[in-house]
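Here it is, the structure, as structure tokens.
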């Protein structure tokens, strides 16, 4: 127990430190990007420029680009993408624990799966907030346009569906009283959700025409100066997320023990 | 405690681990049956043997694990851990399907479709058990539970007692070797309860019975064996004709707490 | 009472050797027949779903009453149709499982020597059947009321595809809704606040299917040159989703029944 808490504390500190370092690096050492070419024009050109659909580009691409916050928008990349990837990773872990629970019926897997879902919720919300900051900063002129972008963006739709799944998961848990039933239903739902999330992505892409994400940056790789803070951010957040996970698991275990002790005391009182 | 004549191998009843007598195979063998979720144990290493054609009454306070034990033996819930249970010689886990054909359940819930007629209900269950000549069998059973005159009526219109009788017919449909009774008397008026008594009395010889009950007198009346559960553990298990009734009631009262007759 | 009772138990312990062969097909048929007989007697699911569908049409009429004659309804018709189907089927799914629940009937099914997947398949089949019967009534109404008489179609600006393509899309959608919905309804019927829980679980799970379904319906209704390619792509996508997710639901159903 004590060792776990120490580990969690160390991980939380390391994670926080790494994320901060990545944050600082993103603003200092990382170079600005334009279509895979490094340009030395901070405050002028944005990563997502030309990748956003034409009707969403605020100005014609004649060199007099007038973005609201191009500098800031590119920096969000280092937090948005790690968060998004980690939320998928944690979701997958939650689904694996759900499968383990169904196989072994051990409540510890149920607790882990549930905390995995909590962490997914955290990361998904983080992804969506940072994503909307990015969107707002790079090529959205008004909030009115935002809705249209959100509805047609495969990645964003996928995360919205994932958020719906996580919310549904907790609503479901709340509405089943019997412990084992609750655990089994939640596990079944988690696995089903995990199967469906890729479909959401693929089918949104199939039915909607465009993407607002700089996919070629993701596909073709980054400059070393960008890659370093990106990787540091991923590791930092992973450590931080794992620290939260360890803490929550320890808390839940204590809580269960406490409940047992309480029951015991009540039984003994009843016997007296 | 009327008909214990069939219980020929009764030496072992007093202790859970005793050897079964020769010849007859016990109808139920439970060995270290546990059911838990995490640290909470609904059943804790329950072991007992019940001879063929016996009538076991399970008593205990609420939450003692009576219904859990019944459901495990009826293959509705799995055993946790490495305990095993055999009913009619079939393992509840690995041979569940074979076992299911040999058991019946009469519950306080009728387990019938209320929008179907008595006959349609029985027909449906006869098909599920793939019973040959279902018509004859259904006629027999409807006659036996005295519902022949209502066979085309929808169950929704039946009284509680009639529904319970039909539910007995449903349970007997596949000619089960073991019958499980889950508080079959709850919600019955005295008359319906008498009819149920005589029905059980009549088929008493041909089946092994396991009954969960709150009603101590009723349970002891019918039983050849009695078992008291408390917090998932067996407090007492014995043959009824070895039991001193007043002693038994005393133990029961201690386990359940105050306010029980 | 003695005589019949002797008959009642003419089987002795030797009867175990002479047990009849179990036939999954016979059990499946019995389950179907039971659901259909029950529905014939009460007409509960079909009438409530059909009526609800009709009410949705009335709401559409009110909602569209101020759109004027230039309004091109064909662009949103697919969405309206989908909305109606989603709401009516959620209502029906809930009903179908409550029938197995209120008297503990499911326990009796589990007690019988049936493979658990047979229960799932039978329930999904009858749900599909009832969904299709309701759609057979409500969808033509919708089409006549809102689509076939609309200006762009009357003027010949829009030429919808043949009706059987609409039927194919609806069939694919219904298969998914019935198959996966049966699992979700079995979960939600065991919770507090059944209808609400079903909706909360249903929408995200069905999301990809509904997305391609509406695209397929739209392709047929709007028609025009080259709609076929899109229609068949979307149908293939719906088919793929159904195949994989229904297989998963089929596999997971046993866990739901086991507690």
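Note that the chains take the letters A, B and C in the order they are written out, and that residue 1 is the start of every chain.
The criterion applied here is as follows: contacts are C-beta pairs under 8 Å (C-beta built on N, C-alpha and C of every residue); 3 or more make two chains touch, one makes a residue touch a chain.
Computed from a prediction, not measured in an experiment: that's the story for all the values here.
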item: Relative to chain C, chain with the most remote C-alpha centre; value: B
item: Pair joined by more contacting C-beta pairs (A-B or B-C); value: B-C
item: Innermost chain by mean C-alpha position; value: C
item: Separation of mean Cα positions, chain C and chain A [Å, integer]; value: 34
item: Centre distance in Å when chain A and chain B are each reduced to the mean of their C-alpha atoms; value: 53
item: Approximate Å spacing (C-alpha centroids) for the pair chain B, chain C; value: 38
item: Contacts with two or more other chains, residues of chain A listed in rising order; value: 180
item: Contacts with 2+ other chains: residues of chain B; value: none
item: Numbers and ranges of chain C residues touching at least 2 other chains; value: 258-259
item: For the chain C and chain A complex, residues of the former touching the latter; value: 180, 183, 187, 190-193, 197, 200-201, 203-205, 207-208, 211-212, 215, 233-234, 237, 241, 244-245, 248-249, 252, 255-256, 258-259
item: Chain A residues touching chain C - in the complex, by the definition given at the top; value: 102, 161, 164-165, 167-168, 171-172, 175-178, 180-181, 184-185, 187-189, 191-193, 195-196, 199-200, 202-204, 206-207
item: In the complex with chain B, residue positions of chain A that touch it; value: 105-108, 179-180, 183, 256-257, 260, 267, 270
item: Residue ranges of chain C touching chain B (in the complex, touch as defined); value: 1-2, 4-5, 7-9, 11-13, 15-16, 19-23, 26-27, 29-31, 33-34, 37-38, 41-42, 99, 102-105, 107-115, 258-259
item: Residue ranges of chain B in contact with chain C within the complex; value: 52, 74-78, 88, 97-98, 100-105, 107, 109-116, 120, 124-125, 127-132, 140-141, 143-144, 146, 154, 170, 172, 175, 177, 198, 202-203, 206-207
